[in-house]
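Chain IDs A, B, C and D follow the sequence of writing; residue 1 opens each chain.
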Amino acid sequence: MTYQEIMEEARKNVGPYCKACLVCDGRACRNQMPGPGAKGLGEGAIKNYNSWQKITLNMDTITENKPVSTQTEVFGETFEFPIFAAPIGAMKLHYGDKYSDMEYNDILIPACKNAGIAAFTGDGMAPEVMVAATEAIRRNEGFGIPTVKPWDKDTILSKLEQIKESKALAVAMDIDSAGLPFLKNQTPPAGCKSEMELAEIIQSIDKPFIVKGIMTVKGAAKARRAGAKAIVVSNHGGRVLDGCPGTAEVLPEIRAAVGEKVEIFVDGGIRSGGDIFKALALGADAVLIGRPFVTALYGGGSEGVKVLVDKLGEELRDTMMMCGAYSLDEISGDMIRRK
Amino acid sequence: MTYQEIMEEARKNVGPYCKACLVCDGRACRNQMPGPGAKGLGEGAIKNYNSWQKITLNMDTITENKPVSTQTEVFGETFEFPIFAAPIGAMKLHYGDKYSDMEYNDILIPACKNAGIAAFTGDGMAPEVMVAATEAIRRNEGFGIPTVKPWDKDTILSKLEQIKESKALAVAMDIDSAGLPFLKNQTPPAGCKSEMELAEIIQSIDKPFIVKGIMTVKGAAKARRAGAKAIVVSNHGGRVLDGCPGTAEVLPEIRAAVGEKVEIFVDGGIRSGGDIFKALALGADAVLIGRPFVTALYGGGSEGVKVLVDKLGEELRDTMMMCGAYSLDEISGDMIRRK
Amino acid sequence: MTYQEIMEEARKNVGPYCKACLVCDGRACRNQMPGPGAKGLGEGAIKNYNSWQKITLNMDTITENKPVSTQTEVFGETFEFPIFAAPIGAMKLHYGDKYSDMEYNDILIPACKNAGIAAFTGDGMAPEVMVAATEAIRRNEGFGIPTVKPWDKDTILSKLEQIKESKALAVAMDIDSAGLPFLKNQTPPAGCKSEMELAEIIQSIDKPFIVKGIMTVKGAAKARRAGAKAIVVSNHGGRVLDGCPGTAEVLPEIRAAVGEKVEIFVDGGIRSGGDIFKALALGADAVLIGRPFVTALYGGGSEGVKVLVDKLGEELRDTMMMCGAYSLDEISGDMIRRK
Amino acid sequence: MTYQEIMEEARKNVGPYCKACLVCDGRACRNQMPGPGAKGLGEGAIKNYNSWQKITLNMDTITENKPVSTQTEVFGETFEFPIFAAPIGAMKLHYGDKYSDMEYNDILIPACKNAGIAAFTGDGMAPEVMVAATEAIRRNEGFGIPTVKPWDKDTILSKLEQIKESKALAVAMDIDSAGLPFLKNQTPPAGCKSEMELAEIIQSIDKPFIVKGIMTVKGAAKARRAGAKAIVVSNHGGRVLDGCPGTAEVLPEIRAAVGEKVEIFVDGGIRSGGDIFKALALGADAVLIGRPFVTALYGGGSEGVKVLVDKLGEELRDTMMMCGAYSLDEISGDMIRRK
């Protein structure tokens, strides 16, 4: 299957909200929630997408014609590409009846592993979601990163217990979920976590801890002090607060402030290998990509995921070759141009 | 009723000019006057709206999960939200036959009080408008702010007499009304007021005096020297002069110049709790919102006003939580991002 | 007749190219030449128009309520408004069959005089155009400014002879006409004039000499040294060179460079009293307005011209009042806001 | 034939992808490859086009009315205009069945010579393309510049042998071709060249060597050190890497860095004599123009090429006259305005 065929197929399967656009730029779904849209006016996802488009690439091909490696090592594990599938949950609510969260994860995790990358899994109010996700990760030799929502302390600790047994290579918390309309006034309750509460949570589990949903230098510093091994510069695709800047806008200042002490991932509107290259040139170690994994999987199942990852990886390799970077470490700030 | 239902109902009631848009951004009505449009090319209201959209929010949820208060105290009175309904008049001329100015105020004032805020009332050429407005305010324990147009001195002093007896918590003058096409060459005559004339008017009444229609540092300084307790940074929604900057553009420099000596309110294109948050981060103490109160009231009466205020308040609370501000005082300039 | 009625009538009369748009912004006619369009891609007129829209007004109505005067004195003559009708020629070619250049001038000159302003008249290859224009100006007590194209020296000197006898209050040359497609390889030949040639021409006539078509500091200095009493910052409405900046962009630096030694007029996309105010705030002494006079005259004859001038004048007066300027001299740079 | 007629005719001949737009701005073909579109999102060609439009011209016609020369000398040869036809290949793949690469070159080379300029010829996987191109160049007294793709060394050296015998006035290599989708994994293989490999290639032929596809100061320095006599600032019309800046953006800094030591040509979205003027004002010695030569030739054959070159040349001459430059050397940076 070609990527175009996968998207065509996806359009039959993703329910009424997502349009499975060939390039997912946040426009067609805009402010539809439920559905993949963004909060309020719905410009959050569009701003993310646009923030990458404003950056251009410094092509230079007077370089050695030698192989380009897109491999990276994260938390001691080697991946083919600096790409993770982002955590997505409540599949039936947002993407129609085809897959439950459990079914989605059961396809996604091995498909990503097969493609040389790992998937973050989402969390849900129903306890079964995390149970099934961690079991799927265990079945795939720990090749997945469960994401816990910022529930009350007891719920978190009980979920972390399940995660400990999953051999998951790391664990994440999307700290910005407090703003999700769907979690409002639900059980268990979710909300902000202070630096001290976060530190306590991080200390309770002996795995690399990733704090997702950082948009400021101040937030990054708090996550670092609380013991996070990595942060994800993210505004949750515009779904938790209307009016955030695009992630590409804030990434460089966050990297400059935290130095090399934490790994920095980034998500939000990253749709091509060129965008991944820009993210790394701005200081990220890897990227998370969300909605395109949904449509690839709904359109082509496991094969769809492989085709998407190969496409992104090939574009990244191509961009690296055209800009003179042979390994991810060689991607540098002077290879891009910011207005 | 949901806000969407209220707007749908409003569309049946607001007459031919206003389209009761779900998000009132000045586009559909543009340069229609009579009607809610702006003067000249009609871009005044659009510029106001856009000036808030250009500002983004610095989300940070590594914070304590504790209650957020949106309460504020203005002129010794406590309000649930830093929101006032803006003064609007000549209802039949601009919004169709459904309500006279008197009928509108009679619904608006108690509805606002019930929602935890206060309404400014408009002024009209017919003396009955102010008579009825001040009576309605008196019936609602002074929970309203009558607005006097910059008429000739005798007219103003006579209206201030009525206001004194209304227990209104403050009194306002929309000093920029001289530019209203509908007041041109009418009786009583309206026009600019010098700093000295303004001082004389302010001294004639023993209530906090609010000068509305300030767009420059110079104008703010004159209002302050004349004895104003508060100013409203406003260009009258673009209705008095074509080509003004958006109010969000000029607000920060006015706050910087006048310091904390006067209360600063702001209006023009503020349409969400996020916009209110931005206004406070730029230095405002509270905001005025105009047209959305008209459509909410025309679509849902007293309940419509409550739904609107609750919606705005909830959005504000949500934004405060997502940016780490627990009270209005904690909203600071570093919580927003200006290009 | 209202201005709207005049424009509706104009649409029946101005031939196939001009659309008599209510606000003439260069879009509908764009790159149609013959016709009022601009050269090349046709963005010249649009850029002019936009350059005024980018400037905003600093409203301040805490001012004395006293009369505003829009009167100005130019070359010893008093005008009601700082507005001139710009020179336009080849009427049949560009605006259809209704009026010849002679017929147009015969209506325009007295209509402008009646409205309190003066008209520049255009020049043509046919000698009769200048003969008739100067005669019309003489019949109207010199209330007009004939414009000579930069022909060869003999042609110019012969036309200046006619002008001397017309009592015209001044004489102009549109020095940028060399770029007009319609003058290319025609008889008499037109082209650039060196500073020295220009000085010689200026010295040959004892009237204030206006050099029209200045877009640079360098050009303004040359005109001044050659003896020009005034310059017109103009790019001929985009008709002589594709890709010029808007006139509002270059006006302030030209004023800064030449100081008060020459009068500066400006044209290009000025369509409202607010635009005129901005021009004066940027350093102009008066403005020229072109196409709107054509449509006003084609739609309403002499009355159309009066309605247009009154409309522009009223808008200017209104803007002055709202920004605190009582006379043209009081319009200052701090009354506008440039990004 | 007029240029408009030629384009109308071209629309019947250029196959399904190219639309033969009157002004080729990269929009109608966008991301169609095969076809003239750009890679990825297809914005590369659009960005190039827009980068010239952002620059404006400083008109000044108070200048001597003397002849303007557009002649230039490149590599010892005199040309009527600083324009080259850019290398284009795989005609049938991108522009439909009408012409093979050989047939295209056989018309283009003499047509350009006849119009006073020279053509670059493209290269192809089939050896016959270069054989035929060099023969055509020989038949036209060396008035052409063959372009070799960055193949493996043996292929390059064998092609350079053919070129030596062609009397071609120079030879070029489009070093950025490694990114062309059509060359991926083909025989012979093409790819990046290190500075040292490039130096070796350049030394192997005793003709001026032009390195095409430079977008950075660093790349320009490498080309210079490797012995290039000229570089072409180019991103291959957006066809080799998605997300490059427009060429007008990077040209001035490249000129500033390399000084006068190498000739600098530029291509990408240059569509008028005004654009050529801007390129020279930004530091280029000449420009390459691609797609408009294709459509001119498909629509009007040899005559079409002549009409296109005359049109561009006339626009250039016109712009020079209007800005006060009598020869190409007099075109200077202060004749344009960059935001």
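Things worth noting here:
The working rule: a contact is a pair of C-beta atoms (placed from the backbone, for glycine too) under 8 Å apart; a residue touches a chain by one contact, two chains touch by 3 or more.
According to UniProt, the chain labels map to these proteins: A, B, C, D = L-lactate oxidase.
Predicted, not measured: the structure shown is a model, and the values here were computed from it.
Between subunit A and subunit D, the superposing rotation on Cα atoms measures out at 90°, rounded to the nearest 5.
Comparing the residue numbers each copy contributes, subunit A and subunit B share less than half of them at their mutual interface.
Relative to subunit D, the chain whose mean Cα position lies farthest away is B.
For the pair subunit B and subunit C, the distance between C-alpha centroids works out to 42 Å.
Distance between chain centres (mean CA atoms), subunit B to subunit D: 59 Å. Shared interface positions of subunit C, defined as residues touching 2 or more other chains, are absent.
A ring topology is adopted by the chain contact network, closed into one cycle in which each chain touches exactly two others. Here, these are the chain pairs in contact: A-B, A-D, B-C, C-D.
The residues of subunit D lying in touch with subunit C in their complex are 23, 53, 55-65, 272, 274, 278, 315, 318-319, 321-324, 337. Contact residues of subunit B toward subunit C in the complex are 40-41, 43, 47, 150, 175-176, 178-179, 191-195, 197-198, 211, 213-216, 218-219, 222-223, 226, 235, 240-245, 249.
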